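Below is one structure, written out as structure tokens; the observations come after it.
Chain lettering (A, B and C) follows the sequence in which the chains are written, and residue indices restart at 1 in each chain.
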Amino acid sequence: MSQLFENRGFVVPGDVLAEGNLRSGENTYRLHGKIHATRVGLVEYSRGVVSVIALEANYEPRIGEIVIGSVVDVDLSGWVANIEGPSLALLNVVDALDEPFKPEMALPSIFDLGDLIVAKVVSLGRDGTPKLSTLGSNLGRVVGGRLVRMTPSKIPRLIGKKGSMVNMIIKETGCQIVIGQNGIILVNSKERDMEDLVVQVLQKIESEAHTTGLTNRIYEFIREMKEKRKR
Amino acid sequence: MSPTKRKLIVDGVRLDGRKVDEVRPMKIECGVLPNANGSSYVEQGRNKILVGVFGPREMHPKHLADLRKAVLRCRYHMAPFSTDPRRSPAPSRRDTELSMVIRNALEPALFLERYPRASIDVFAEILEADGSTRCACTVAASVALVDAGIPMRDLVVACSAGKVNGEIVLDLNDIEDKEGEADLPVAYMPKLGKVTLLQMDGVLTQEEFDRSLKLALEGCKKIYEFQKEALKMKYGKQEEKESVEQD
Amino acid sequence: MSSRIEVVSRLNRARISAALSQGKREDGRGLSDLRAVKIKKNVLDKAEGSAEVLLGDTRVIVGVKIDKGEPFSDTPNQAVLTVNAEFTPIASPAFEPGPPDEASVELARVVDRGIRSSEAIDLEKYCIVPGKIVYVIFVDIFILNHSGNLIDASALASVAALMSTKLPKYTFKEDKLEFLEAHEPLELQDLPITVSIGKIGDNLIVDPTMDEEDIMDTRVTVAVNKNGYICALQKSGSAGLDLEEVKKATNIACEKATEIRKLLMES
């Protein structure tokens, strides 16, 4: 088995990461016995699997993920939402209403063109079309707050181990934060200053997602900025 | 042919001071356009090219979608002020052909089957043109696609070679292309060893062709390093140096 | 299925209006404040004149190309000035490749009117042989990134590009046009500045961002010459304006134009 880069080395698509018996993991593919990277990132060799922690990755919806999208069309049976993925997503009225649908119900009164929704991806069609549901707690129409975009591959870092990072940010700033796995984050607070701070924090995480000790640095950063505010 | 042909190479030195096997000075930056999913800016000699990538996203208009895979669309477009004399902003037949040729150069590197019914749009805007722009566009587009996080089998790199004043040279600029004997643009996937763009304009013997192709591929290897550097630069010193795990 | 128009979320409208009711904008600016302006001249080698302008994140590059040609039959002693704008698809996912749409045509024509009406260029001066050969001045506007207020950024970049323009010198001897292998700077008699003002509810805001443009009721663009006179006006959008608002908008524009002209002259 040969491992051709140092662990966590920088790789670009096409780079041959390994030859032989290692398994091809995330952001890699195998061809003629060689494993190549498919995205730019840091290569990781772990337990017989070679994968790449992508520094840039377009969003690909997975079942169970929470996403934030905007309604771009309303028809007779539901809505179409843009979740910034390879295809538009579908939301059927039965997946949005707790009660049985009655023909007199006007769909736009539930979600209208331009509304932002927090939804869960419940299935993927054969061609990859995601089907959404807004049934469930914390899902539905967004009524207030500010949107921030982050690279989807960096969202796990924003969440942290068992939510450690995002929970720390929420605690320290008092803001409400809803994370869409599709790289759209909703930040809401009565205090404009705290909202601005969270936006700065998100930008910092975006640029430093691949480094170690980030949670502590973000914690220190928030403390520092709050101190500055007091003065 | 005019009775006195201009000397473009004197004692192995070209009009712009280069040796026959030198690539023009290059600068590549990625992530330069905030509204695009991926982007890059390339300067190669006096070439100045901006590329923006959008996608994969739902194909629009719908009737152009392919049910089995994403459609790659490329647009090669020159700004009116990019040449002397000024060119009309309306697309020319040359623009149409080059858009197609660049698309064919990039397609083999993409996993289009992963995104049925989607489109991946590559828009190349040439702000200043000075020869071998289709190669520079391909180089820029490849970096922009990586910047967009779109999965690729390999980078695509491109470089031209040709014959000027009887000599085989690398990376032709505008004058060399217009007044030389042959121009050979080549695009290549370096890790997979596949040529994805190959055109020739002019006359070459078999032997001259072989030498030109070899030289173009060497140029590609050099430019590949610039592409990697540009991607690396975006993330600063990103490598985490941990000890290499033993098997 | 709706066509690909960027659908603005309801959220934006609510937020922007809430901030405006407090006299502030989303990005913290006052109602009459401009975003940061950066002007760079001579950015393109193959153009006779060029400039790049950054207005906030909106980025525009303009190239001026000079040619010689026949004058228009109704103005046989005048140089030809033509302004063209391209909304390149790299500037925004909302721009589709293709022939100029009404927004890009409007932008080009408004920028043209500002330059022409202010007589920034003495077109008669740049006639070479009356009725036969004149300078043809092409101003090509290329939008590189759309973040709102394309008109003001384009007009500013166009004037900056004209300031940097060098014309090839010609003489006409014995029925032949000869290039003198020399260049002279294009002389400008004025530096027209356009200022666009958007109306959102009862508020008039200067230099709208893309989000503000999406929800604004209408917009007025005012071109002002160096004497503070209005040399072009364009109301764009379908909502109405009352007379008070029109007056207020033109006043604000004239004030801001002086500020912007200063930045232009210092660049």
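Here is the rule we use: contacts are C-beta pairs under 8 Å (C-beta built on N, C-alpha and C of every residue); 3 or more make two chains touch, one makes a residue touch a chain.
The structure displayed is predicted, hence computed values, not measured ones.
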{"item": "Centrality ranking, top chain (CA atoms only)", "value": "B"}
{"item": "Chain-chain pair with the highest tally of contacting C-beta pairs", "value": "A-B"}
{"item": "Relative to subunit A, chain with the most remote C-alpha centre", "value": "C"}
{"item": "Whole-Å separation of chain centres (CA-atom averages), subunit B against subunit C", "value": "32"}
{"item": "Chain centre separation (subunit A, subunit C; CA means) in Å", "value": "39"}
{"item": "For subunit C, residues that touch 2 or more chains besides their own", "value": "1"}
{"item": "Subunit B: positions in contact with at least two other chains", "value": "57"}
{"item": "Parts of subunit A lying in touch with subunit B, wherever the complex brings them together", "value": "1, 3, 6-10, 12-16, 27, 29, 31, 36, 38-40, 42, 45, 54-58, 60, 84-88, 127-129, 151-153, 210-212"}
{"item": "Contacting residues of subunit A [partner subunit C, same complex]", "value": "70-73, 80, 82, 112-116, 142, 144-147"}
{"item": "Of all residues in subunit C, those that touch subunit B in their complex", "value": "1, 3-4, 44-47, 50, 57, 61, 63-65, 67, 84, 86, 88-93, 97, 99, 138, 140, 142, 144-147"}
{"item": "Interface residues, subunit C side, partner subunit A - complex", "value": "1-2, 7-11, 14-15"}
{"item": "Residue numbers on subunit B that touch subunit C, as the complex places them", "value": "33-36, 39, 46, 48, 50-52, 54, 57, 60, 62, 75, 77, 79-86, 89-90, 121, 123, 125, 127-130"}
